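Each of the two complexes below includes chain A, the first together with chain B, the second together with chain C.
Up next is the complex of A and B:
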């Protein structure tokens, strides 16, 4: 295979970025739709079945169309999907209000910080080890060049992910402060305390894979966690996964830990004063963060781009014939796991009521951190003894 | 085009360094405390960029994780709680900017005194190397984190532990101070 020149490698990286953004912007709206539908079914109703407004205009036309198509049985389930389009239109077209007493610069930059830190994490995540695809020979300028499964192969990828994700807290805190209003400030302060607290057990639970694999590179860790751990490695992996997922829920401010925006306490928390696309950015960032947390859980605990979770693949692969399709890595497995975890988010949201604020903090400091430390000890023991 | 990009790539350290200095200047000059903290965050991220330009990935990431992700959040937390509204309070906050110039000059003097050989001497700055016996079987350029950990936990264990005791003293001191204030 030819080695790319500098310009070509920059072009390839740009293409990878576009692909990742496309992936995110396909997954996020579908998650929003799935949230409406799944929550609906959990509460024994249908979920969204039509575009919000009446019978006239564009939405009326979309409504009529979807109800007509909906007579075909499978499609009937998707009747609510034009509602997403209407939602996006609403976000873009709504008036962008800046409160008179707001700090304008900080008010402007807060949603951007949230969004950027959520998206940039994807730089270190590799969807499949090695080459993802090779450009066909007719492609202008890039013919025959390989595209790897992740944007950047960073030696300290895990630290990159944790570091950049931890910058995301500024978006929420600054939004709360810049609005210059009671409820956002309370929401911002709550989230600062909550996110900083939950970062600790989250990082410690991710140290278990680091100890088990002896690497900080996302691709390498995923590969060794999926195929290289012993049978004893199962225990710290399962515990670590549960701790990580709990912390992940708290880090993304999702129910049952959605303190920063608890509707019936704080109106809408940190984004009370936001409207239009600025609010849209917070909304997007929340869902992108969910995708990121799911991707990390999938990569480190659920076997990455291999089929079986918790290192079972490595044990099963000995029984499989060499080169079997299900023994190898495929991007489709990785994406499927991400989607399953996103479903879990919605499932938990529909099942568990919100914690009280002091309970949230005591869960982090009194239970999750000690549990995560014990898990780390277990992982170290497995690494040394077995 | 290619030449241009390569030039930028070679001078990444200088670019990030100038940006960090600009951020630091805003920290001192800004009238709002929250803006200062934001500028400080920017400076910290740029310093992480400097580390990355020197191929010290682990240090760069630790910089983002510890300073940008942890310490500056706490700064922000405190600054948000202590809202400076009255003119007199504002003056107290602004007082520091008069001493800041002196502090910067002193810092520059101390820095150039320590690094005068590197800056003015003929010898080019050399990367700090691990002792031979520690670097065995390790590609230091590729395995930054491993090299740092070997240095910390095998080569310089005692200074490292003493440093952690110093941090502990600071922690205990903070707790004691906060408690006496409340009683």
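Up next is the complex of A and C:
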């Protein structure tokens, strides 16, 4: 394998960035669509099936067309997709109102902060260990060069992920403050308290994999968690997964911990005054954050790019013949786990009602932090004893 | 101790997730594929909407088997109507013993669909049918009547293309 020159390695990194951004911006709109459909199905509805509601004009023509395609079983599920397109069009074309007494610069920078901190985390996530694919020999300029499974192979990746992800709270707090209005301010303050509280059990529950694997690199941790833990490692992994998922719901401000954006108390929480594409950025950031939390859970607890979760793959691999397809890592397993966890997000949203604000806080400080500490202790025992 | 364990083990959440998951799977696998779907909504403009049997729609005059108007102008409906939307003009017709309504005006814009008129009628000559698409573009179109007025009370509403006309 030839060693790449500086220009070539820059080109390869750019291609990786484009691939990851493509992945994010394909998964996020599909999650928005799936949210409509899955919530509908849970409530015995059909979810989104048409654009606008007319029977005349352009939308009427589209609706009649979609009704005809709907007779075919598989196509019937995708009838709501043009509605997604209409949503994007609406967000881009809508008037962008800035309140007269708002702090203009902070008001402008807040959605960008939450969006950037959500996207940048993907740099440290490796989708598959080692090389993702090798450029074929006919490819101009990059023939025979490997593309690795993640953009950056950071050896303190977990610290970096947690650090960058927690910058996102600034976006929400600054948005609430800069709007110069009561409801956004309350939403921002609540979200500050909530997200700072839930950062603690989240970090402690992620310490269990660190203790079990002895590494902070995302790819290395995923590999050792999937294939290198003993049978006793199952217990802290399962408990850690549940604690991490609960904290992840709270950290991304999803229901049932939907405190900053409490529709029934605070109009729309921190983004009450936002409209147009600035609101769209908050909307996107929420879904990208969901994908990030799902990717971390999939990597650390559900066995990353290996098939079986909770370190079972390492136990099963001893029984499998060497070189079996199921035994090896594949990016498709990782993506499938992310998608399943995104479905779980929507599923939980459709099931559990909202918590009260003081209940949210007591869940974090009275239950999740002690449980996470006990889980960390368990992980340490497993690490020392086995 | 029992309460503490129930707090720790999320069994109630698991039960709830099982129920919603079951509902999701049922709707997901039966939508558009079975005669009787599991979802409870109907795709209204394309599929004819069915309303409950006791639904109170627009007032309709009934005719008997010979095509004669059943109404005998007893004015019970006009008297009981709380918003006074019904106006009847009594008249006579050749070869008919009972009085005959020359005009039966019904102003739908003030009607509250209480069905008192139908209950008070001793001859079963009016009903509220199952039509629910009653919007019009002009205020004048809300004054319904017998032949000659913009909306004929023997025919379905001109804008109601998708709902069931009558039972």
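FYI, the second predicted complex is superposed on the first by the 378 of 386 C-alpha atoms of A that agree within 3 Å, B and C clash if a C-alpha of one lies under 4 Å from a C-alpha of the other, contacts with A are read in each partner's own complex, and residues count from 1 in each chain.
As a working rule, a residue touches a chain if its C-beta (ideal position, glycine included) is under 8 Å from a C-beta of that chain, and two chains touch if they have at least 3 such contacts.
What you see is a predicted model, and the numbers here were worked out from it, not measured in a lab.
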Fit or clash - chain C, chain B, common chain A: fit
Chain B versus chain C as contact partner of A:71, first or second or both or neither: second
Contacts of A:316 with chain B and chain C, given as first, second, both or neither: neither
Which of chain B and chain C A:30 touches, first, second, both or neither: neither
Touching partner for A:380 - first (chain B), second (chain C), both, neither: neither
Touched partner set for A:45, first chain B, second chain C, both or neither: second
Chain B versus chain C as contact partner of A:152, first or second or both or neither: neither
Nearest Cα pair across chain B and chain C, whole Å: 29
Contacts on chain A seen with chain B and repeated with chain C across the two complexes: none
Chain A-touching residues of chain C, taken from the complex the two chains share: 7-8, 10, 13, 16-17, 19-21, 23-24, 27-28, 31-33, 38-41, 43, 45-46
For the chain A and chain C complex, residues of the former touching the latter: 38, 40-46, 49, 53, 55, 63, 67, 70-71, 73, 76-77, 242, 347-348, 350-352, 367, 371
Residues of chain B defined as touching chain A within the complex: 1-2, 5-6, 32, 34-35, 38, 41, 45, 48, 57-58, 61-62, 64-65, 68-70, 73-74, 76-77, 80-81, 142-145
Chain B-touching residues of chain A, taken from the complex the two chains share: 5-7, 10, 103, 105-106, 109, 154-156, 159-160, 162-164, 166-167, 169-170, 173-174, 177, 185, 188-189, 192-193, 196, 199, 216
